[in-house]
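In order of appearance the chains are A, B, C, D and E, and numbering begins at 1 in each one.
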Amino acid sequence: MNALADPLLSGGVTWAVLLIVLIKVVLAFAVVMIAVMLMVWFERKAISDMQSRIGPQRWGPFGILQTLADGIKLFFKEDIIPAEADRVVFKAAPYLVLIPALVTFSIIPVGGTVTIAGHTVQLQVANPPVGILVMLAMSGLSVYGVMLAGWSSGSKYPLLSSVRASAQMISYEAVLGMTIVTVAMASGSLTTRDIVDAQARGVWHWNLVHLGVVPFVIFLIAITAESNRPPFDVVEAESELVGGYNTEYSSIRFALFFLAEFMNTVTASAMIVTLFLGGPAGWAPHVAYLRWIFPILWFIGKTTALAFTYVWFRGALPRLRYDQVMELGWKRLIPLSLGWLLIVAGFMVKIAYGFAMAAAVIFAGTLLSRAFEIGAQRGPDAVLSPVGDRPVSEENIREYFDDEDDSETPRGEK
Amino acid sequence: MHSSWWLTALLLLPLAGVLGVSLTRSRPERARRVALVSVGVEFALSVVVALLYNAHVAQASTWDFGVRWVVSAPLGLAYDVALDGISLALVLLSTLVALVAMLSDRAPRREPAYLAWQLLALDFTVGAFVAHDLLLFFIFFELVLVPSYFMVAQWGGPSARRAAMKFFLYTFVGSAPALVAVIYLGFLHQHEVGGNLSFNYSALSSTVMTSSQAVWIFVGLALAFAIKAPLWPLHSWSPSTYGEAPVAAGAQLAATLSKLGTYGLLRFALALTPLAVKSVTPVVLVLSVIAIVYGSLVAATSRDLRRLAVFSSVAQMGFITLGIFSGSQIGVTGAVVLMVVHGITTLGLFVLIGALERRRGSARLDDVRGLQGAVPVLSGFVTVVAFATIGVPGLGGFVGEFLILLGAFGVHPAYAAVATLGTVGAAVYWLWAYQRAFHGPLSENATGMADASPTERALLWPVVALVVALGVVPAPLLSRVAPSVQQIVAHVTPTGVSR
Amino acid sequence: MTTLTLPTINYLALAPFLVMAGMALVLLIATALTPSRISTRVATSAAVAAAGSALVITIVQGWQIARHGAQLTAAHSVVMDGFSALATASISSSLIFALLIAHDWEGRERFVGAEYQMLALLATSGAVLMTEANDLAVVFLGLEILSIALYVIIAFNRRRLKSQESSLKYFLLGGFAAAVFMYGAALVYGATGTTNLTSISYFLGANVLVHPGLLWAGGGLMMLAFAFKTQAVPFHFWSPDVYEGAPTPVTGFHASIVWGGAFAAAIRVMVSGLGTQSDTWRPIIWGLIVLSTVVGALFAITQVNAKRLLAYSSVTHSGFIWLGVWAATARGVAASVFYILTYAPTVLGSFAIVALVGGVGDSDHYLVKYRGLARRNPWVGGSLALLLLSQLGVPFTVGFDGKFAVLAASLDAGNVTASVVAMLAAAVAAFAYLRWVASLFAEGDPDVAPLVVPWASRVVIASSVVIVLVFGIWPAPLTHLAQHATLYFQP
Amino acid sequence: MSVPASWYLVLAAVLFGIGVYGFLTKRSVITMLMCVELMLNAVNLTFVTYARTLSDISGQTIVFFVMVVAAAEVTVGLGITVAVFRRRRTTSVDELTEMRG
Amino acid sequence: MLALTTTWPDLLVFITAAALIVVGALGVISLTNPVHSALSLIITLFGVALSFLEQSADFLAAVEIIVYAGAIVVLILFVIMYLGVDRHPHDEVEPLVGQRVFAALGALVTVGGIITLMAKSHWVTGVMSASMNGTSLSSGQGEITQLGQSVFTTYLVAFEVTAALLIIAVLGAVQLARRDRESEVEQ
């Protein structure tokens, strides 16, 4: 494992290197923006198809520029800031949502390496040694945008929605982390490049297969919930919460939220591809000078497939109730991901350990499900026994609830 | 020295009494009987010990009945008891006082707890006197506080609680530096000879130290002892305590507790720090003389017997310290004699106080006239005891004071002279006042007062007899005390004056 | 892939910690898996069993240490020596007492469930860890395990606002102290290049620091945190409030278990780690001693609330224990351990009675409530009187022996002034205890019914009285043990 | 590596100082909690700086533990705050007046 | 880690980090709205993370953001919002006269003293990698690997006992936040 994960920077920083980095950043930004635009269009189109509608079609071929048009429209609308709003935070919140989504994309390897002007360049904006942790950090930070947006609106529904959203995001972050550890363990590295490289040897080495399908499924569910996508979009449940945490937003700020949501979808798809589907890995013909383009195509293809999965979710699945979302996260996914992590770890050390660990996990899981069952029966905790058979008289109870009131004078002196 | 269980028996007996008393909780009369029996046996035992004392040891050692058993080596805690002449005298005094005090106190409702405390106080006092180990002495010395506190606080007069608290704190504060001094001395010894920490008296007395160390140790120890005694500027707890104490407790405290202080001064503060003697003697002597004059005067002007007891004690303590620090064998012997006599006279005083309080509600004498006519026997007892306290010749007090003054004159004539003048002045004053209360026509408020009852007489006669006996034939006491005193004096002043 | 060689671990050294934390886990799992709430009786028995096994383990440890000597284990971050074994034994037995007191309290307050026991076990496991920690990181974690669990059980009684408020105060200040401690540890790390106490000591022994300022700052900050945990003045100000507010069984925790851990860690850090620098830190401790004893005594005498009084009294006692630390000698260490060992049952016994008098609601803690207690309940009142006299330092009680031991140690090391001051302060504090004792024996209100003493409290009170008396008269076994409580490393 | 370690140490000390000042002056429980977090971050920064200076990974490892502790502490602390607030409706320490004396 | 040969980027990073830290910290103690304070705290955390990065502690930088910003401050914000103390900032009256002055003096003296002591000691007196079996931080090896090594060797016990800490945190939070049926009785 290298301390310097990015070969571009190994030779020291020169102007050329700086320029390459700058180009990568600009390029990535542009690509993401375009991808988001396409994603919005894609989703609307696909959903329309599922619902036997036509969807956008006026602007551009197949209505592909519809998103742009919507954006321009929103940009020119009146920007309303509620009177009760905390102005600074209210203005900052949309960016806090957007930036993490954008930053996460920077660690995703979209292709192999190319050589530009004697420098080996990885086709990803950055490849920090902590790699995948950046994604965790960013998903942690994206909570703020949502939370503060709701709070700063100074309105009840957005606040409720944002509390829901942030609770949900934090809960699923734990699941994400646990799955990521499984992946990192298999690859022996945290950098996205190493993770992708470890899967490059064929489909059987993809983490999807290599780790058993379970982590993939968990990750898919978790990241869907993490980005508040359907069927986990309880934060925007129109029937309960008006429009979600961004109810009070209008104009360009609203557009930013919108943008962020779809950017999250794109990023999430790309992240799954990176972690489980081998990233840009795939069959590539020997074509001179163009060999580098196949990984990119593979990447785009896989990402699109996953993006379609998201759309499919939205089209096919009913929205969960909020408590169901939380139960799924805490009672199913976290134990499952933890158990799977242990099993994988066991197998990595020795096959026998793996089976032993599996047995232990199954045993623990049985206990856990029993505990959940009992917990569900027991209902809220009561410290005192029920009123019926209480030997303490009502008067006494009064007395000792009131003991706070006579703080100053000692009772005995009365 | 030979090993023997006599002293241990002496220490265990009152504890057995406590146990017995606590087992008869519900019946005060039975408890009183048990307590009396144990005190009586204790007294008898102490008499036996006195008779056995030094019957079988080489003349060179004054210590007898020694037992040493190390309880905790790292802490230097040891059960180490032995008896020499001085201790013997005081042990006898303690048991006697306890017996008489318990007999005299016939208040109607005396809980068994009170008797138990009395027994404990006796036990701890005896323990302190027989301790042959500085730490053990200190432990007993401290422990006596607990029963004393409870006796005074719970069964004393209206403001007894406050008085007891004052007493406890006064003495406790005093013993704080004393403990430090004790440990410090122990370490000096340990660093010198190595081995485990030990506070054995004989071992400690040969500790080598610089004279400034000696002075500090002396000051630390002496402070505690001086408060307990009480020595003049530190006596202010005593009027309130003795003013409030129940009679038996008062007798026990005043008669024996104060001896713990003077005994400690002599046995430990002085004997363990010979190098300090030179520098501290003048201070102590000045204080003693002041105490004598001040105590005598206040005592002479007070018509309340409790107050009289307190301040005459202050004066007597002055005499005792004067004797102890006179540096002469005669003076020190006198001091020991005076300790015993003071104990007995104080006991007598408190028995009288009890008698008067039963009759008049208080022990005041300043509002009555011509008591001699009404209660001649009681008046007689008062006279004798009072005379003994101011050192009228023929009584025990005189022997002590005389010896002390004799010893002091040889070494520090000036102090002795002042002390003598002080007592003489007080005696004059006292006689004049006495005349008022006892002679002349009987005042109305004293009519109908009953004279001494048979019990009172039975208690007071022995006291008077003892006072007189000690005044006339002090030899049995002196012969036992003198060798021990001589050892201390020889140790303190190796080239010392001995007359 | 790089290979990883795990350090060898002597599980015997960690066994008391593992037993306690393990039992907490077992209770937790049992709570989750049983349909009804676990009865207090079961929870208490389980927790007492764990504490008892920890106690037995320390005996095995002591035997091992006697045969094979003290040893470092787990990459030198844990040490098993006579000191840790004895301190652990003290903590474990204190836990048994504390649990029994809590058992009756839970019955009175009608709490069901094993939460209290779990938290108590976990807190104690932190204290145990502190006694054997040989690395600042482990000390810190032990401290936090102890403190955080303690914050929770202080606020355990949801019906008493006082309880929660005091927990909040304690939490804030405790968090502050923890941060200060860790900053100190960071500076010491910078000064010595390691956080391992043995390594620190070797480093300081092998190198003379020309500029020890960094080390001083670090040590000073750490000491501040220890002073906080041990209620030394001027870092004691939380203690009366917390003592008053915390449920009484938890209050008993403080001066026994928390002190056990905190003093053990302080001694190990100061004597074992920074022992070569004793000239530097001694003046600070000197100040702590003088201030704690005097201020504690002065405030104790003005209190009208039993728990506050005991809080200030423990401030004074803390000063005494610091006397032993000041000495920084084998004797001093032994004396401090002896003091903690004997003070713990004394104070626990006292709190057992305070809890009883507090009654349902745990709120009657004013001294007036104690008037005539010895007449109504002679045994309880007498026991309380004895326990108070022991705290006062009357001979033939362990209180005297403890004071004697620390005084001896500090005088041996030449600390006369602080010793005298401490003794004088103890004499002042005597007033507070005496007043209380006196009121026990005073004529009380005849209408007050005698206390009913449940069996668990009875056991605690009786055993503490027996300990106070037996070891007060015959302290040899304990002093002997304390003498063997030597630190693994002492320069 | 150019920036001297001392700069970071001073920065950490200043951060610690700000935390201390805030802790001592603020009356809101939550703000005080945040000030403790500031102090712990100063500790972390110091450890990391020393880890670099000493080329010793221990300093970094300990930061880990500090973070764990901070997380646990905050959890419990906020729990207590919530519990008190339910009864008292305030988070100001000045209004915690149950105990006096 | 960025292996930069020029010095000015380091300086720039340091200045940025310092500015973030100080501004954030000052914000925490000077803003009256707790939510703003919390946000300000995040700024500080970013500064700290940045300085970790600069000092080649990448992993810790990430963890700092994940744990502190991602969890701790979120939790704080949660509670602020849940309690609703955000909308009514405390009027900052000084309960004790001159408390601020004394606090400022105290903090100044402490910090000044520590800095002076550190400066006098040449900032560090320890020897490089002096620890007995500590893992030394040598460049060229992965920092995360070393961290792992250190956690599972030198600090194995410390690492394992954090489990107890977390159990306490969970148990405590549940115990404290639980509202039992009877607590309704009093209202």
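Here is the rule we use: contacts are C-beta pairs under 8 Å (C-beta built on N, C-alpha and C of every residue); 3 or more make two chains touch, one makes a residue touch a chain.
These figures come from a predicted structure and were not determined experimentally.
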item: By mean Cα position, the chain sitting nearest the middle; value: C
item: Most widely separated chain from chain C, with each centre as the mean of CA atoms; value: A
item: Dominant chain pairing [most C-beta pairs in contact]; value: D-E
item: Far-end chain from chain E, centres as C-alpha averages; value: B
item: Whole-Å gap between the CA centroids of chain B and chain E; value: 69
item: Centre-to-centre distance between chain E and chain C (centres being mean Cα positions), rounded to whole Å; value: 30
item: Chain B and chain C, separation of their C-alpha mean positions in angstrom; value: 43
item: Chain D-chain E separation of Cα centroids, rounded to whole Å; value: 6
item: Residues within chain B bordering two or more other chains; value: none
item: Numbers and ranges of chain D residues touching at least 2 other chains; value: 9, 16, 19, 33, 50, 53-54, 56, 58, 61-62, 65, 69, 72-73, 76, 79-81, 83, 98-99
item: Where chain E touches two or more other chains, by residue; value: 59, 63, 71, 78, 82, 114, 118, 123-124, 126-131, 134, 143, 145, 149, 154-155, 158, 162, 165, 168-169, 172, 175-176, 178-180, 182, 186
item: Residues of chain E touching chain A in the complex; value: 1-6, 9, 33, 35-36, 39, 42, 58-59, 61-63, 65-66, 69-71, 74, 77-78, 81-82, 86, 139-145, 178-182, 185-186
item: Footprint of chain D on chain C - complex, ascending; value: 136-137, 140-141, 144, 148, 151-152, 155, 158, 161-162, 164-169, 171-172, 175-176, 178-180, 182-183, 185-187, 189-190, 193-195, 240-241, 244-245, 303-305, 308
item: Of all residues in chain A, those that touch chain C in their complex; value: 188, 367, 370-371, 374-375, 377-378, 381, 383-385, 390, 392, 396, 399-401, 403-404, 407, 410-413
item: Of all residues in chain D, those that touch chain C in their complex; value: 9, 16, 19, 23, 29, 32-33, 36, 39-40, 42-43, 46-47, 50, 53-54, 56, 58-59, 61-62, 65-66, 69, 72-73, 76-77, 79-81, 83-84, 87-88, 93, 96, 98-99, 101
item: In the complex with chain D, residue positions of chain E that touch it; value: 7, 10-11, 13-14, 17-18, 21-22, 25-26, 28-29, 34, 37-38, 41, 44-45, 48, 51-52, 54-57, 59-60, 63-64, 67-68, 71-72, 75-76, 78-80, 82-83, 85, 90, 92, 95, 99-100, 102-104, 106-108, 110-111, 114-115, 118-119, 123-124, 126-131, 134-138, 143, 146-147, 149-151, 154-155, 158-159, 162, 165-166, 168-170, 172-173, 175-177, 179
